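In what follows, chain A forms one complex with chain B and a second complex with chain C.
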Partner chain A sequence: MADPKLSLSAARPTPPSRMKHYFTLILLLVLIWLSARGTDSSLQELVQGFPNMLELLREMFPPKWSYLDNILPAMLETIRMALIGTTFGAVLAIPMALLCASNLTRLKWVHYPFRFLLNLIRTIPDLLLAAIFVAIFGLGPVPGILALSVFSLGLIAKLTYEALEAIDQGPLEALTSTGGNWIQIIVYSVIPQIQAHFMSFTLYTFEINIRAAAILGLVGAGGIGHYYEVTLGLLEYEKTSMIILFTLALVICIDVISMKLREKLL
Partner chain B sequence: MTPSWKSIVAKPKPKKSRWLLVIALFLLYVWAFMGIPYSGLKDTALQVTRSIAEGLFSPDWDYVYLPDGEDLLRGLLSTLYISILGTVISTLLSIPLAFIASVNMSSTKLISGSGKMLLSFIRTFPEIVMAILFIKAVGPGSFAGVLALGLHSVGMLGKLFTDEVEQIDKGPIEALTAAGANRLQILWYAVLPQVLPGFLSYTLYRFEINVRSATILGVIGAGGIGTPLIFALSTRDWDRVGIILLGIIVMITIIDILSGAIRKRLI
Partner chain C sequence: MTHHRPENAAMIKLTNVSKVYPNQTKGLQQIHLSIDQGEFVAVVGLSGAGKSTLLRAINRLHDITEGDIEIHGASITRAEGRQLRMLRRDIGMIFQGFNLVKRSSVLRNVLAGRVGHHGTLRTILGLFPKQDVDLAFEALARVNLIEKAYARADELSGGQQQRVAIARVLAQEAKIILADEPVASLDPLTTKQVMDDLLHINQELKITTIINLHDIDLARAYATRIIGLRAGEIVFDGPVEEATDERFTEIYGRTLRAESVQEINA
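Presenting the complex of A and B:
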């Protein structure tokens, strides 16, 4: 006769093992502990430093509104840099994206190296690019524009080639079967499908580039960022807060406009 | 003679507003390019470019590991530490904020609305500026970088978490409410299982971004590999710039691949 207890336990599924979760948790805690030690983080230091920060925030208030006249040209330069950088990046991204998309460039030995190159470009943060370009071209907005161009190229090309791989193959096949050449296929079947996405990605990159251009000045690559160093170095915090407020206002304005445009596009 | 297709299918006429847009864009670009001082290339530009390229191909391998003091591995490790701790802090801060900011979890629209506003305010605040402020508070070093990343990431993570919470299926919540569960039980058994994979995936994604950010924090003295890089750039030690850049590229690539693989398994 079968043991009723045994049959019951056999019928009930065993809960999944939790060992993996415990193991992950322990690993995570060890990582956090190591990081805290490696960065000399201490809550005590934060608590002690907190009054300093409040003091700093207090000194920032009220912002010095008259400083606006001094930083307006630098802010316009920031917008210019972002605009030109995004445009160059977008123009360069078109051939790059076409070469990376596996449905348009069918040769494996072409699209894999280009994708690798694209990933390589995307690993370098914009401020580092700017620092390197400053070393090459000297101070001013030109290295900033170049850094933003390279950064935009990486971002737009990646987004675009992923969108390109998701396009409808129908028009491509139709044009191929009627004898369209490569350029005709691109112009009549790829571009109509991708242009709205491409414009949207470009606007999105422009939003990011405005933020990036606002800090590139910290490494001497032009724009408003330079004034952070100037005002902080002279301990004129009420001017610093004016810069921050102005940047925030600009970023929010551009974000809203760009978002409205993107909603209309897609 | 057969009529050409152009006479059969009329070409769509472009709108008149299109021309206005083109002209406006053209003027915008004229304005943008006029303002850029084009002074020609510096004489040294080509030479420096060559030096950097040479530095990239003949990196200063000795710098990878020095028995005492600052070397590449320690710099990269400290960058990694900053991004790990920054991500953990921002995740811990983002989770409660996300529940406050999501419409379906908050009691009133006022609370969720103000939560969302706070998140977008944090998002627009550049992390480098945040790092400058934290340096004033806790002094220069990695800790300031950790705090800056931790606070800045809340803007994006909180937004992504909020979207995730707002998308959940109401069914399990209603089922648990009907069975008489309290709020904590609903959160634990109905909400958390639905949002956890998304939360983890977004956290890893933000971690990838934070590693990139942590490499530049050193530019203003907030720790990480950026400090030796800026130092090498200003002393024109191109071999060292080369090895540091290579180190950064390799580290970010490895982390992207690892994190991407884990994220694919999560969702």
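Presenting the complex of A and C:
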């Protein structure tokens, strides 16, 4: 049915300009170049350092398998730290997320201070948190657990309040009309809508915490990280590679399990 | 019992009620209205006439800007906190979008109607007394959905979900039912089921019922009294016999029949 005359004569809209894309690309390249100059890094240095990298890799191989016996307790401690830290963080995240969500309270200003507090928490890196807690509580897994708790609180509360703001408001209205109070409204119309998401966020945070817990030992906050520091310091690279492989295996295992669980939940 | 009140006291009484939205839109204008115990009132009018605003003013999901609304002699306009929740407990609401928690079971949705009758802690733990569970099953039996009690709400069809919402209001033991376009998203057959359920409840349990409808034929088939709204004002208030097509054409410039709306759309 196409009429050639019509399609040729009709004024077609001009396609949108591609200038914006080119401009973005140029801007990005300029930013990268400026960053490289600011940090005194150059491609040349990378090439020069390449043989050293190969040398290090060669020394790491073969991994010292027998070292497994030495690090197993520390690895278990890492898992325990992640488990406890995630749980504490998740429990604390529930009231925090409820107070941060702007759609659950009629008082308009309530969520502002709590969001500010949450942003403050999320600004501090977990390694720095661990260093602070080590300074307060001394060496060992306790400061590590506290650091992970605070980190988990920040992450889970952030993800949860964003999900809270996207829930269906209808059931809230229904519960209000039955004469329920604020807590009853939350329990009967909000929590059923959010609990699968919350569990999923918690599992995801646990995955991250396993990796984070593995390096907290660098600042003396317990777990496997301590052995990284020791073996690297003593140039025992075949032991370091053993720890890396072990950590990798563990992280993969936990990622797979947690991913399967999250698929089931949602 | 309320035998100390005069027998002819109105169940719902609106005195000079006006509602102006923050953007200066007039939702309701000087509404005077008195509805007696056991009446089945249909509120009709075009979209935007203020039907929903009127209903939501009665249980104060919306605040009014002027006037007073009394529920069996008690002002809901001035009620706060516990007093407001107690008044709301006696007013069940049915919504166009059902407003069930889709992930929760049918039974839990119906029991949500009971939360206003119990303390916070008890309802959080889900410890409803046996009478409440019996009441919930009785309510489900009345809408013929007893076998669906343990199904998830989102497994049910639209008509079934709306009947679950009716069961929730029944479990609430409300003395008034407000239904906001309860059949707008349903097909003719399920419309009849839902409307029949509402009529039976009104006749057998003497629950005062106010229902918003945009279809005058449906209003005439079920209601005993019809209120016509236009631009937030009552332009008709009388028994079904007086709500003739002629009167409505006079008021609205056209009829409010479903077919005539379809003709306009066609």
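Quick note on the criterion: the second predicted complex is superposed on the first by the 232 of 266 C-alpha atoms of A that agree within 3 Å, B and C clash if a C-alpha of one lies under 4 Å from a C-alpha of the other, contacts with A are read in each partner's own complex, and residues count from 1 in each chain.
Just so we're on the same page, contacts are C-beta pairs under 8 Å (C-beta built on N, C-alpha and C of every residue); 3 or more make two chains touch, one makes a residue touch a chain.
Keep in mind the model is a prediction, meaning the values are calculated, not measured.
Contact with neither chain B nor chain C is seen for A:V110 once the two complexes are overlaid on the shared chain. By the touch criterion stated above, A:A174 is placed in contact with chain C alone, chain B being left untouched. Of the two partner chains placed by superposition, only chain B is touched by A:A36; chain C is not. In the superposition on chain A, A:L72 contacts neither chain B nor chain C.
Here chain B and chain C are compared by how many residues of chain A each touches, and B touches more.
Of the two partner chains placed by the overlay, neither chain B nor chain C lies in contact with A:A166. When both complexes are overlaid on chain A, the residue A:F137 reaches chain B alone and has no touch with chain C. Within the superposed three-chain model, A:Y188 lies in touch with chain C and out of touch with chain B [touch as defined at top].
In the superposition on chain A, A:I257 makes contact with neither chain B nor chain C.
No residue of chain A contacts both chain B in one complex and chain C in the other. Those residues of chain A whose C-beta lies close enough to touch chain C in the complex are 168, 170-171, 173-181, 183-184, 187-189, 192-193, 196.
Those residues of chain C whose C-beta lies close enough to touch chain A in the complex are 59, 61, 85-93, 95, 97-104, 108, 112-113, 115-116, 120, 123-124, 165, 168, 172, 178.
Against chain B, the residues of chain A that register as touching in their complex are 31-32, 34-36, 38-42, 45-46, 49-50, 52-53, 56-57, 76-77, 79-81, 83-84, 87, 119-120, 123-125, 127-128, 131-132, 135-138, 140-142, 145, 211, 214-215, 218-219, 228, 232, 244, 247-248, 251-252, 255.
Of all residues in chain B, only 28-29, 31-33, 35-39, 41-42, 45, 48-49, 52, 77-78, 80-82, 84-85, 88, 121, 124-126, 128-129, 132-134, 136-139, 141-143, 145-147, 212-213, 215-216, 219-220, 223, 226, 229-230, 233, 236, 241, 245, 248-249, 252-253, 256 touch chain A in the complex they form.
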